[in-house]
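Both complexes shown next keep chain A, but they swap its partner, so chain B is in the first and chain C is in the second.
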Partner chain A sequence: MPDDLKSGRIVIVGASLAGLRAAETLRDEGFIGELTMVGDERRLPYDRPPLSKQVLLGRVRAEETTLPRRREVDAKWKLGVRATGVDPIARHLLLADGEQLPYDRLLIATGTRARPWPNAEEGALDGVFTLRTTEDAAGLAERLDAGPRRVLVIGAGFTGSEIASACRERGLEVTVAERGPAPLVGALGKSFATLAAKLQLAHGVDLRCGVTVTALNGSDGRLTGAELSDGTRIEADVAVVALGAVRNTEWLAETGLAAGPRGVACDAGCRAFNMYGIVTDDVFVAGDVARFPHPLFEYQLISLEHWGNAVAQAEVAAHNMVNPGPLRRPHLAVPAFWSSQFGLNIKSVGVPTFSDQVVLAQGSLEERRFVAVYGYRGRVTAAVSVNRAKWLPYYERLIQTAAPFPPEPATVEPSTHTPVPSDVPDPKVLSHGPTVALTGHLPDLRLTLRHWGG
Partner chain B sequence: MAAADTLFRRITDYANRADPYPLYAELREAGVVRQDDGSYLVGTYHEIAGLLHDPRISSDRRNRTVPDLLASREADVQVSFIGRDDPEHERLRNIAMRPFGPPHSPGRVDAMHDEITDITTRLIDALRGRDRIDLVEDFAYPLPVTVICRMLGVPREDEPKFHAWTETVIAGFDPSPDSNAEERQRAGLAARKAMGEYLGALAESRRGKPSDDLLSAFVNDPGPEGGFTRPELMATAVLLLLAGHETTVNLITNGVLTLLRHPEALELLRREPELMPRAVEELLRYEPPVHLLPQRTALTDVEVAGVTIPKGVPVILVLASGSRDPRRFHEPDRFDPTRKDNQHLGFGSGVHSCFGAPLARIETQIALTELVRRLDGPRLLQDPPPFRRSPVLRGPRHLPLELAGLKD
Partner chain C sequence: MKIVVDLNRCQGYAQCAFLAPQVFELHGEEALLYTPLAPENERERVRRAAAACPVQAILVEEEAGPDAR
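Take a look at the complex of A and B:
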């Protein structure tokens, strides 16, 4: 029986980072069956982090971000075609071109897309961008090359802040509009965000917090500017909508899987749940679209839009797709992500939003080299470094071992700070969506219990 | 079996230099152990990796509560970044990195590729007609010396002068707890001073006359943050010259020794030279050039694997033991040039991870690729070969080989 798992038909929906790494792992683990990769973008899997950094700075062309391969995957590629549904009983994946792809095991790795500007007509103005795909980045980079008079960035999460940073580095005028009280507040809490705001101002960003963009103005189909909720108007010929991501789950609405706006729920082994909370054994989930229980965060279901999570979870999902029960592994990796902006290297481990307090554990805020440690009910749950990433393995261990918060003071680069409230806001008040969604106690929809007859 | 608190004595005992690995196995078995001189020895992978990232551990010997000549006022020698903590360590390392690597000089090491290949080719060509060579004197020593001289901007013909200093400095850092330790340390300090004066004068002579080397860059292009003071420059230059050639020589020599001890691996690399980068990583795990870090100090009481290391005492991290830890590596005592899961400790880890690693990697990759390709029928004449004195920078003093010939 176990040998059967190494053969048969596996279909992976979503041909980006998680899909590719899963495919490679399947082959590494001895899967000799038929492998099909389905992706709605025409390009072979590519790397997205550079799209908001090196590509916008003109150092790398958007088309040059193809992901390096770890090995041959010997797969049939169906690119440029969307999946529209799953028939879980017949075990078919339905495609937009009408094809029905049979599978024995299915991996859902459809990720997220950029949240569009809510007003479609305004969003269609020439000069309005979102940033998620190669085409987005190529188009935006071309516009930045042309030297716009002002760029408006809507939303000051990580992507928005990185875009603003790239614009300033290129000497372009930038306005950043953020509904929350400061940049990055949704991911890192208020005290960190205060620093981020200072940083943006010091780099010449026209930062407007506590405001929303109420309208994008255009003339002859071209963007001319925007109106803000405080009554001010700004002129801009480029606007980037950086309002977070939407998980690509709509296509699963009729499948009976536990799929909703916060992702597709799965167990620690990446097996998808159906809508009744019963685990499937032939549908797996990985990457940004997955919503999984994490023991470090009280088994809440969390979704992570992190590069490293996509890789680690894809590897676990793929391993579990071709190995029997007792050999299966849980996905327990400590979440981690990085960002580079305004000359700073920011790196995070754990989940900073899962916190009630934060302390500057090491280094100096003023000199912009430090590690901030987050705690929740007296234990360490996250750490964020600025230009100090190499110390993070130490703090990661504190998270893994549920070490007491506040941690004992560091002695290299000691800090005398005491803990303060971390002030992580309710995601609802931010312009951009959270990059980490803790969703365990917030069911997306109420189930109506059906009574079967007989 | 001898007591665990003499392990450091036994590891540093020259009699065990040729094969310290059984002692490392004993160390891993014993856990974190206090030595009879008060220092603590750590030899297991996860504990070493943890301590390399632990902000409660200092690299600055001045934090020791035990008397330490090298850290005393009497030493009167500027300490280089390897012996300092952040933020000073970072500032000095960044200045040194500016002309050497990213972000300011990302292509600098790669640009050395052709030159290293030329030097390698010339050294191997010179072996033509000889059926007996000493790999160390004839190849593994002159290659990295020539490269680091070129990189730093030190005249190659001054080698006899700085080689003598180098040997004395290394002996001074040798932490072996023997009776003439203090004498060695004093001589080492004097040599560091002399070497620093020499390199400082060289750098000064380039001021206003930029040339394509690090010493010139240090005085002519200090960068926006401001460059080195004269004593800082001297300390850094001594470190780079020393580390630049006293480590890679061991990596190359250990490499040849290991390949000759494993003919199947040698044959594999002959057939598939593209495996060399991975083979070099395996060498860094299996026979690394740096065996232990002797200068770490606990800044507070630190619990490691159930043992409390008290504040102020030396913590000695035996990297070469960690890289052979069976709790981390599958079949750790097997040399496997195709090993994939290989996050070895050969270059350390954390903020002090090896500054020159990229250079050491390409030098060794090029050197071993060419040696494997061109040496015809190489045979070890002495196994084990005579080893260098130092238990820290460990490698053969000589490696006598017999050759059947040389390929083009």
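Take a look at the complex of A and C:
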């Protein structure tokens, strides 16, 4: 039986970071069968983080971020074709060109796409961009090269803030509009977000928080500006819609899998659940599109739009696709991400939004070198460093061991700071979508028990 | 040659920026900016940079495979 798992037909839907790393792992683990990679973009797997950094700074061309391979994957590539469905009984993947691809095991790694501007007509104006793909980045970089008078960035999450940072570095005027109280507040909580706001202002960003963009204006099909909910108007010839991401799950609607806007639910071993909550044995999930239980976060189903999670989860999924039950592994990696903006290197481990308190554990906000540690009900759940990446592994160990919060100081100088509420807002009040979606529930915090009359 | 750096691992030791400054550069105090598609004449320097990385965060693909771009 185990030998059978090393052969047969495996299809991977989604030819980006998770799909590629899964393919490499399958071959590393001795899979000798037929491997097919399906992707709706025409390009071979490429790296997206540089698109909002090196590419917008004009240092790297958007087409030059193809991912290096760890090894040959010996796969058949079907690029530029969308998957439209799965027949789970016949075990066929259905493609937009009409082809039915048979599989013995299927890996779903379709990721996310940029959330579009809600008004399609305004979104189609020349000068309005989202930032997710090579084409998006190439188009936006070209416009920035041309020297627009003002760039409007809608949404101050990580992507929006990185775009604003690149524009300022290039000397372009930027307005950032965010419905929440400050940039990055949805990912890091309010005390950190206050710093992020100061940082943007110090770098000359025209930062407008607590407002929404109510209309994008155009003339002759070109963007001319925008109207804000506080009644003000902005003139801009480029607008970047950075409202977060949408998970690519619509194509699974008729498959009977537990797929929806929050992702495809799976077990800790990356096996997809069907809509009855029964785990499948031949459909696996990895990357941004997966929604999985994490023991460090009370087995809530979480979805992570993180580079590192795509790699780690793809490796686990691939291992489990070619190994029998007792040899399967759980996906337990501590979530981690980075962002560079306004000259700072921001790194995070754990889930900062899974917190009720935060403390400045090391360093100082004034120097912009510090580590903030987040806790939930007396245990450490996350840490964020600014220009102090070397300190993070210590806190990662505290998270893994559920160490008490506030944490023991990592240095001889004890921190004099006391914990304060982490003030994580309800994602509903923000422009930028959360990059970490805690999609389970914390009964004490998120659930209101209602008694219906009668 | 294609390069990707695992920036979760990277701790800003900057060995790469000393060994292959045309390809790896610190942007600010510790944020690494690198060129994902490095010119062939950087091959030896990039190799040394990848080998010297204290946290082994640099992945390099030297040969263009049959199905590479």
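Please note the rule applied: the second predicted complex is superposed on the first by the 436 of 454 C-alpha atoms of A that agree within 3 Å, B and C clash if a C-alpha of one lies under 4 Å from a C-alpha of the other, contacts with A are read in each partner's own complex, and residues count from 1 in each chain.
The rule we apply is simple: a residue touches a chain if its C-beta (ideal position, glycine included) is under 8 Å from a C-beta of that chain, and two chains touch if they have at least 3 such contacts.
All figures in this text were calculated on a predicted structure; none of them were measured in a lab.
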### Task
Have a look at where A:394 lands relative to chain B and chain C in the superposition and call it first, second, both or neither.
first
### Message
Output check: A:408 vs chain B and chain C. Expected answer is one of first, second, both, neither. What do you get?
### Response
first
### Task
Kindly classify A:121 by the partners it touches after superposition: chain B alone (first), chain C alone (second), both, or neither?
neither
### Query
On chain A, which partner touches more residues: chain B or chain C?
C
### Message
Going by the contact rule set out at the top, does A:367 touch chain B (first), chain C (second), both, or neither?
### Response
first
### Query
So which bits of chain A does chain B touch that chain C touches too?
369, 390, 392
### Message
Under the stated contact criterion, what part of chain A meets chain B in this complex?
### Response
361-364, 367, 369, 371, 388, 390-394, 397, 408, 410-413
### Of chain A, residues touching chain C in the complex
43-44, 47, 49-50, 53-54, 57, 59-60, 64-70, 72, 75, 77, 307-308, 311, 336-338, 340, 343-345, 347, 369, 387, 389-390, 392
### Query
Which of the residues in chain B end up touching chain A in this complex?
49-50, 53-58, 85-87, 90, 299-300, 350-351, 353
## Note on the structure
Given the complex, residues on chain C that touch chain A span 1-4, 6-8, 10-12, 27-31, 33-37, 59-61, 65, 67-69
